[in-house]
Amino acid sequence: MTDLWDGLSRAFWLVVTLDAELVEITLRSLQVTISALVIASLIALPLAAVLAVRRFRLRRAVIAVLNALMGLPPVVVGLIVYILLSRSGPFGVFGLLFTPTAMIIAQVIIIVPLIASIAHQSLRDLWTEYHDLLISMNVTQTQKVKTLLWDARRALLTASLAGFGRAIGEVGAIMIVGGNIDHATRVLTTAIALETGKGEFALALGLGFVLIGLTIAINIATHWLGQTETEGRW
Amino acid sequence: MTQLFPLKVTGAESRRRGKLLVGPVDLELGPTGTTIVIGPNGSGKTTLLSLLHGTSRLNAGQVTWACSTEDARRHQSFVFQRPVMLRRSVVDNIAYPLGLRGHDTKTARAQATEWAIRVGLGDMLTRPATVLSGGEQQKLALARALISEPKLVFLDEPCAALDGRAMREIETILTEVKAAGTRIILSTHDLGQARRLADEVLFLKGGLIHEQGLAPTFFDQPQTSEAQAFLKGDIVE
Amino acid sequence: MKSLAALSFALVVLGQAVFADVMKLAVTTSFHNSGLAEILLPEIKNDLDLDVQLLVVGTGQALKLGRSGDVDAILVHSRKAEEEFVADGSGTFRREIMYNDFVIVGPNADAANVGSASDAKDALQRIANAKARFVSRGDDSGTHKKEQNLWSSAGLKAGELGDWYNAVGAGMGAALNTASGLNAYILSDRASWLNFGNKGDLAVLFSGDPVLFNQYAYLPVNPEKHTHVERDLALKLEKWLTSDRAAKLINGYEIDGQTLFTFNAKPPSQ
């Protein structure tokens, strides 16, 4: 119980005094995860839209694979990315291992299936609604995709935020490919793992509460957007 | 000037899972007036309209326009029995077809506003279209179908789910539109509506056209027994 | 949406911008947990304008990182493995820097009576006889290898001990956490122990046997094997680590009045 209290007071103190290291670590967490989110969304959302409107032979297989990839253990993704980016690996020349870029790459791989799956479901439902009308209006494939993406934008944002939640709390993959280097690749989750390993529970808890606070804030934002969806029925 | 008509249909058939829904149908439609496709429920009215419009596949036969099929598609619109609303505002819904044709948002919205006022939706321009009543949505659908100034409008039982007042508003707009020269092909099972609007009647039963003719002839001197039974008010399958 | 993307990309790019020289050094968890790095790194930054990025891993992984060229140099404490590292051409040479010692830590009650052991292997023998709970690093690290050697010298095989022997496969801090939680015996380097924040009911029960001597060495990764490594920076760091300045900082580092490391480097021949 004292640990918990220590943690809370530590967290409060860190936040209120805008502890330099906490700020640096938090900003890096956000930098890595937001970059990963933007890149992953740019890949996943159009992919989901194309899967929703295009008929092609392997469509069902692709969707099944996408859903299965959601269950990919993040730490395994980290291991594979590590092997690929290591100097003795195929992409070693880029020297990306143990950099924030490597962490972004790993997180993108982890959250693209998640965002694509959720988005695809919403887009598919919307397409079923719009199908007769748009076909009757002779829309091109591009116009189909653009219309769906725009009209489903709130659901797509929810999908993206789900990806954000998955990424910001991830620790296994980014620990492996980032190396948890102080002032370089240390983020909230890896810092928590580190401090716990040093027996510094109060500090670890403090960081943990900051991370929880961040995640709750994002979730509230998601809910708020979702509410607007049911009210105005956009 | 693209001429869609005469529209010639020969031996057209539509099947689903092997079962014949409509056909074989032979038909020729001229360039003016309002054609009402009438018949009991389940006679294949929706399928016939989709065949003509091109959204349903022909399993046999031909549908030939006076111009190319592509040109024809670009100059027609379709109003569904149950209106499909885009998840946007009223004005953005109406403006949508103009956006597809490359108009910029400002011009499109301006024209859509005019049409919205014309169909009586002028005071709900920014409301989400999905919260409108059935009648309001159908009026929106009609405005949306007409904003691109099509030469031909299909309407598939547009007033089936509407109350009398909404129906009257829609019919008023249709009359104006017809006066402006737009060709209308409308399906209904409502005899009263048919009498009010038709210049020409196609009587459909069991997927086949049993009778085709000018409105006065059809209503006063129906030729076939099925048509007679239908007009008398018997249940016709 | 677009401005958010632009901001993010800006953050990414700026995040990568580096102004000082940078090199990657793999160090063992034991070294890191001692806290000495917090003293040395800022001084290195000041004196050499060099950012040493530390990858804190077990000796096994440090050697692997050196072999694959993912770091520029390593600092470990496992002599045999280091000599192999140089012998197979992965490292240029082995430069001894400093040493500390290992201690046997256990519950205050000391049921196995390790406190009155005559030497290290006797201490472990007593633990085995009493079947007292013991936590092992189990991660192929320098500490782990030392522990296994001690078991052998006591005539015991680490792999054939009973349920009281717990191999956790983790770094020093995590292993100490487990020992604290289980109230078990554990072999730890003194520096990590002194710096550990969750001691619980544990205390140092045995130390001082010369066989518990723990030498740290610095090995630059061979630039002939991996042409991209920061060869000059690695040599620069070596020079600093073997200098009087480093000697002063290392010898002067204390926790609770105890010196943790003893500097014993000979500067590289000019």
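Going in written order, the chains are labelled A, B and C, and every chain counts its residues from 1.
FYI, a contact is a pair of C-beta atoms (placed from the backbone, for glycine too) under 8 Å apart; a residue touches a chain by one contact, two chains touch by 3 or more.
Keep in mind it's a predicted model, so treat the numbers as computed, not measured.
Peer 1: So how do the chains connect up here, line, ring, star, complete, or something else (other)?
Peer 2: If you draw each chain as a dot and join those that touch, you get an open line.
Peer 1: With centres defined from CA atoms, tell me which chain sits nearest the overall protein centre.
Peer 2: It is chain A that sits nearest the middle.
Peer 1: From the centre of chain A, which other chain's Cα mean sits the farthest off?
Peer 2: Greatest centre separation from chain A goes to chain B.
Peer 1: Take the average of all CA coordinates in chain A, do the same for chain B, and state the distance between these two points in whole angstrom.
Peer 2: That pair's centroid distance is 47 Å.
Peer 1: Once you find the CA centre of chain B and the CA centre of chain C, what distance in Å lies between them?
Peer 2: Their C-alpha centroids are separated by 81 Å.
Peer 1: Go ahead and note the Å separation of the Cα centroids belonging to chain A and chain C.
Peer 2: For chain A versus chain C, the centre distance works out to 34 Å.
Peer 1: Using the touch rule from the top of the page, what residues of chain C touch 2 or more other chains?
Peer 2: none
Peer 1: Any chance you could list the residues of chain B touching two or more other chains?
Peer 2: As it turns out, chain B has no residue touching two or more other chains.
Peer 1: In the complex formed with chain C, which residues of chain A make contact?
Peer 2: 27-28, 31, 34-35, 38, 86-89, 92, 95, 97-101, 104, 179-184, 196-201
Peer 1: Enumerate the contact residues on chain A facing chain B in the complex.
Peer 2: For this pair, the touching residues of chain A are 126, 129-130, 132-133, 135-139, 143, 147, 151-152, 232-234.
Peer 1: So in the complex, the part of chain B that touches chain A is made up of which residues?
Peer 2: 53, 55, 73-74, 77-78, 80, 84, 86-88, 96-97, 100, 128, 130-131
Peer 1: Name, in rising order, each residue of chain C that touches chain A in their complex.
Peer 2: That would be residues 4-5, 8-9, 11-12, 15-16, 24, 29, 33, 51, 53-57, 67-70, 170-171, 173-174, 176-177, 180, 195-199, 226, 228 of chain C.
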